[in-house]
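What follows is subunit A paired twice: with subunit B in the first complex and subunit C in the second.
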Partner chain A sequence: MKQTACIFFTVLIFMTAVSSIEAQITVSQDGEHSSIAEAVSMAMPGDTITVTEGIYREHDIRIKKPLTLVGEGRPVIDGGDNGYIILITADSVTVSGFEIINTGRSYIRDYAAIMIEKASDFVIEDNRLDNVFFGIYLAETNRGVVRNNHVESYDRREASSGNGIHLWNVKNPVIENNRVTGMRDGIYLEFAENARIMGNISNDNNRYGLHYMFSNGGVYYENTFRRNGAGVAVMYSENVDMKNNRFENNWGATSYGLLLKDIRNSTIEGNRFYRNTTAIYSESSSNILIRRNDVELNGWAVNIKSSSARNRFEENNFIENSFDVRTDSPRNNNHFEGNYWSAYEGYDLDRDGIGDVPYRPVSLFSIIIDRQPESLILMRSMFIRLLDTAERIAPVLTPKTLFDEKPKMTRIQ
Partner chain B sequence: MRGGSILKIFIVTAVLITGCEPTPQPIELGSDQCAYCRMMITEQEFGSQVLNKQGRSFKFDSVECMAAFDLTDEQVEVHSKWVPDFLNRDTWLLAEEARYLHSETLRSPMGMYLSAYGSREDAERMKEEYGGSILSYEEVRSLVREEWLSGNRNNHMHH
Partner chain C sequence: MKNLTHIIKNEWRTLLRGKWVAGYALIFLVLTDSLLRFGGGGAETLLSLSNVMLLFVPLVSMIYGILYIYQSREFVELLLIQPVNRSVLYWGLFLGISTPLMAAFMLGAALPLGWHGILMLDGASSFLVLALGGVLTLIFASLGFVLGLMFYEDRIKGFGFTIVIWLFLAILYDGLVLMLVFAFGQYPLERFVIAVSMLNPIDLARILVMLEFDISALMGYTGAVFSRFFGSATGSLTAAGMLGIWLAVPMWWGLRVFKRKDF
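This part shows the complex of A and B:
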């Protein structure tokens, strides 16, 4: 009797062990399971669901337990313009290998292709999202990785486009090597702590390629932001490191390579700003180190409002910009030192590589066109050159203390 | 014929003179920039504006940005403040006459969950569906002052 009980328990333990080793469920269009939502609801925590090739017309797939959902041969989940498509509310969920299309659109609900809410340690990887309102939406999450996804939507009406990758109230997210295009903001952060955003390409979005709001202590590096409606905006945040990114071709009346508003204690280093209306715009921002960036062929290299203070521009290359620095006050609370300015016309008699006379990057003409925008048609005229040269020798209207005392003679490598 | 033209000119002039009362300007979505936070304005249902006495419009991406501007700006001579009706986004409402719903299920551009309505009934109806509380414009101003302008917003997480 005792022995039977022993065997019984051994078998029971063995069976539990087997069932806790992840079971494998296959969903296919003509197989035993043809619905992803059904497979999800019958799966045990820790199971892997493999979805094979085909089109699955489903939305509101709710994942409430740890699961791995893998697409084989890139199956399509078509939401048919209804609501959310996948909603994740459990920890440790993986979704990879899908094409997810056609979410609902709403003025009130942020319908997303993949919504992750109050969960941690998820992996959203290698998915293609098309014609979606919001793409991947993280709300109140911790850790978790969003990697190698493509999000696009070609609805150019702003009001009906949401953000590609949207982060709200999250901690420690990793957003890596994604491509986002045609959305409102490519990547949007609101109350995101310690975000790591790297290697993404965010092009042709209606508003910003990347948009930081109230998000402290993050880094973003090696991303590319091109042809976005208004460039990249970093607002109301501190301790943000911005390194080795490319801000390119953001043209338009209110377009910036990088817009800084109320930013403190941050670093902007090794980035390339190329052909933007204004490469760097700064308002009410302080203690920012702007170092070793290439700022080339922009309308304005820097537009710094007098509300910005204690920012340092060091060892940047300012090359062939229509205007180098623009500001709205005769006072200057920021420091420029050791930059290379292609417009510098000074000399270096002691041959130490540093110009012997300071460079004044705010031209008189830029002040004139601030007051009289129509005078822009005089740009590059002989008259303006004479005025600018006279002003550089004896500044009257340009900020007297805004100069680079040690301008480099050659481009910094 | 000639008399007709003169009459037309007279009417046009009369309209111009009497029509000098500033009125809300349309917001160019995807191009106009918020006069407070500098964000591009993209959502008509939140885009607000302040008119000064010369009729110039200062546009905002959200009710909260307009309230923040209202609380901090000392230069603009304010003529009137306008917010869009969330349920009928082409309609402009005077900020002081509108009712506001503050509901965490209705996101707004600067994250303060504020939407405006033309009547208390509309606001009540939305409150029944989305929860939250109904505020007057003065209460919106206090909320913005306490939750945003006090400066500790970044540390204030919603968990």
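This part shows the complex of A and C:
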């Protein structure tokens, strides 16, 4: 018994000694370890590797055990245009404080600055990724946080640029406060379950600021999407919660503030749509609540296809959009109620804040434009205004059942 | 030069005594202020203001121009007896009445925009709407002058033409354009439609307003000519240039009629 205890204690002392020696490895350009890959391969699981200031020309750094990589004074890892830079295939890995530049580019492989595959509980934090093909790539991961990273690239062609933060087949990811610029899609999700995307800024990307597909139960709050080639697309998903985001200045014939396709049972609330060609475009989507959004100075506030049904637009502010609602059917399967429309010309005799005559948001001019696009040049002319007013009083060409029965008289705060 | 300033100053004094211009400024002041109070502010107000401006500034300016010629007939004829160059006299009279009118609109609209803070917030847009109002005032006041001089004896005809021209340019013209677009819908019409719109000063001003506020919708149009025209500075510059021509032609025409007229 005494002997067993003795062995036990010896082992324990030995173990603490080993871990206290190995727990901290420092990589520096003129120190004992000058290569990150080397330090990673000799480290024990659970170790912390601190990398000091300098330029490290390395790629294909494979992390196969739980490690913490910390950059001090923002060391630069230069991939020299070759392959992946950091590949993580173990659980509980942390990478923070690096500047990672120049990944390889390929039409066959998705070379990324940081690739995380089949791992869980990782933290990728406070890194700057510059001139990369893909930025941070998550494949078949679970949990894990991507926070405060900055991804930027300069290839303006859609076909030859990669995505900033790319999620494929992942569970419970948290994507927070990142900035992505100049990539193909800023943030890309495919088969992501319960994703939380919060406070990111995704501007000036070649295609979508956020590209969201086959991802049920996700939330995205307080993100900003500006000047992206095609805006934001949310497709083939259920139970998506979109709140307090900003969709701004997405211009072009195929550019949308928010494109919805095959979305069901979701909420769009408190967002701001400002100066997009089309603020909200909906195709084959149903049971969406669109509530308390500010939709201001867009070309078309809402473009809703007849394949969309049972969506509710409530208490939104539609302010000086060139056109309020566009649709391709004389029937209406959606519900508009209690919105503020700046183009509303009705009155409120009983002074309850609700207009006494319904507002018809599909104008005759928007139908004229659909038939004869050249007449666009007559926008805001007196003649068109007279036509629109006449049509609103007695609708002939516009959908008879598409109206807001309780339009608000003043802007909803 | 001395004669010119003298005439202008004299005109200003007469106008201010008449209080007519002050009333005009007051209308825009009250209008803009109430738009700001009861509307939403910002783009909403500026668009409403520009709608009113596009409709009424041309009418008021033109009527004011022709009315002046008819009312001050004796005064003009008296001045003509004096040893004053006719073109100096013309410019003196024209600038003397059009600049206060222009100032009345611009000040009347700018003051509420200023005290509600829109001038700071949407400086460029506010400036555009104010400047367009100013230019339209000059164009239509000079058109009024021309009409007044052409129908010097027949006042009813003069006023009639004024109303008809305003109705045509402000409303009917766009209806005709729309008709043409539908009649020749099979043909590529972009160039034609742009060219036709350039011939109407009210449409020019409207297009400039549209380029400022509706650019996001305009970018939704796929036609190449429109995209190039609206998508770059070309559109604004061409429209502004045409407006410049519209400014010069009626003034010059008025001068020509005034010089040759046997009063």
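Definition applied: the second predicted complex is superposed on the first by the 394 of 413 C-alpha atoms of A that agree within 3 Å, B and C clash if a C-alpha of one lies under 4 Å from a C-alpha of the other, contacts with A are read in each partner's own complex, and residues count from 1 in each chain.
We take it that a contact is a pair of C-beta atoms (placed from the backbone, for glycine too) under 8 Å apart; a residue touches a chain by one contact, two chains touch by 3 or more.
In this text, all values refer to a predicted model and were calculated from it rather than measured experimentally.
**Q** Based on the shared subunit A superposition, would you classify subunit B and subunit C as clashing or fitting together?
**A** Verdict on subunit A: subunit B and subunit C fit.
**Q** With the two complexes superposed on chain A, say which partner A:253 touches: subunit B (first), subunit C (second), both, or neither.
**A** both
**Q** Figure out whether A:375 sits in contact with subunit B (first) or subunit C (second), or with both, or with neither.
**A** In the superposition, A:375 touches subunit C alone.
**Q** Would you sort A:323 into first (subunit B), second (subunit C), both or neither based on which partner it touches?
**A** Second partner only, subunit C.
**Q** One more residue to check, A:107. First (subunit B), second (subunit C), both or neither?
**A** first
**Q** Roughly how many degrees, to the nearest 10, is the angle at subunit A when you join its Cα centre to the Cα centres of subunit B and subunit C?
**A** Result: 90 degrees, to the nearest ten.
**Q** According to the stated criteria, A:308 is in contact with first (subunit B), second (subunit C), both, or neither; which is it?
**A** Neither partner.
**Q** Counting only touches as set out at the top, which of subunit B and subunit C does A:282 meet: first, second, both, neither?
**A** neither
**Q** After the two structures are laid over each other on chain A, how near do the C-alpha atoms of subunit B and subunit C get, in Å?
**A** Nearest C-alpha atoms of the two chains are 11 Å apart.
**Q** Both subunit B and subunit C contact which residues of subunit A?
**A** Touching subunit B in the first complex and subunit C in the second, residues 252-253 of subunit A appear in both lists.
**Q** In their shared complex, at which residues does subunit A touch subunit C?
**A** Against subunit C, the touching part of subunit A is residues 249, 251-253, 255, 275-278, 296-300, 319-323, 342, 368, 371-386, 411.
**Q** For subunit C, which residues are in contact with subunit A within the complex?
**A** Residues 39-40, 43-44, 47, 51, 54-55, 170-175, 177-178, 181-182, 185, 189-190, 193-194, 197, 203, 206-207, 209-210, 213-223, 226.
**Q** Which positions of subunit B touch subunit A when the two form their complex?
**A** Per the touch definition, subunit B meets subunit A at residues 29-33, 37-40, 42-45, 106-107, 110-111, 130, 153-154, 157-159.
**Q** Write out the stretch or stretches of subunit A touching subunit B in their complex.
**A** That would be residues 107-108, 110, 140, 158-159, 169, 184, 190-191, 193, 206-208, 213-216, 229-230, 233, 235-238, 252-254, 259, 261, 283 of subunit A.
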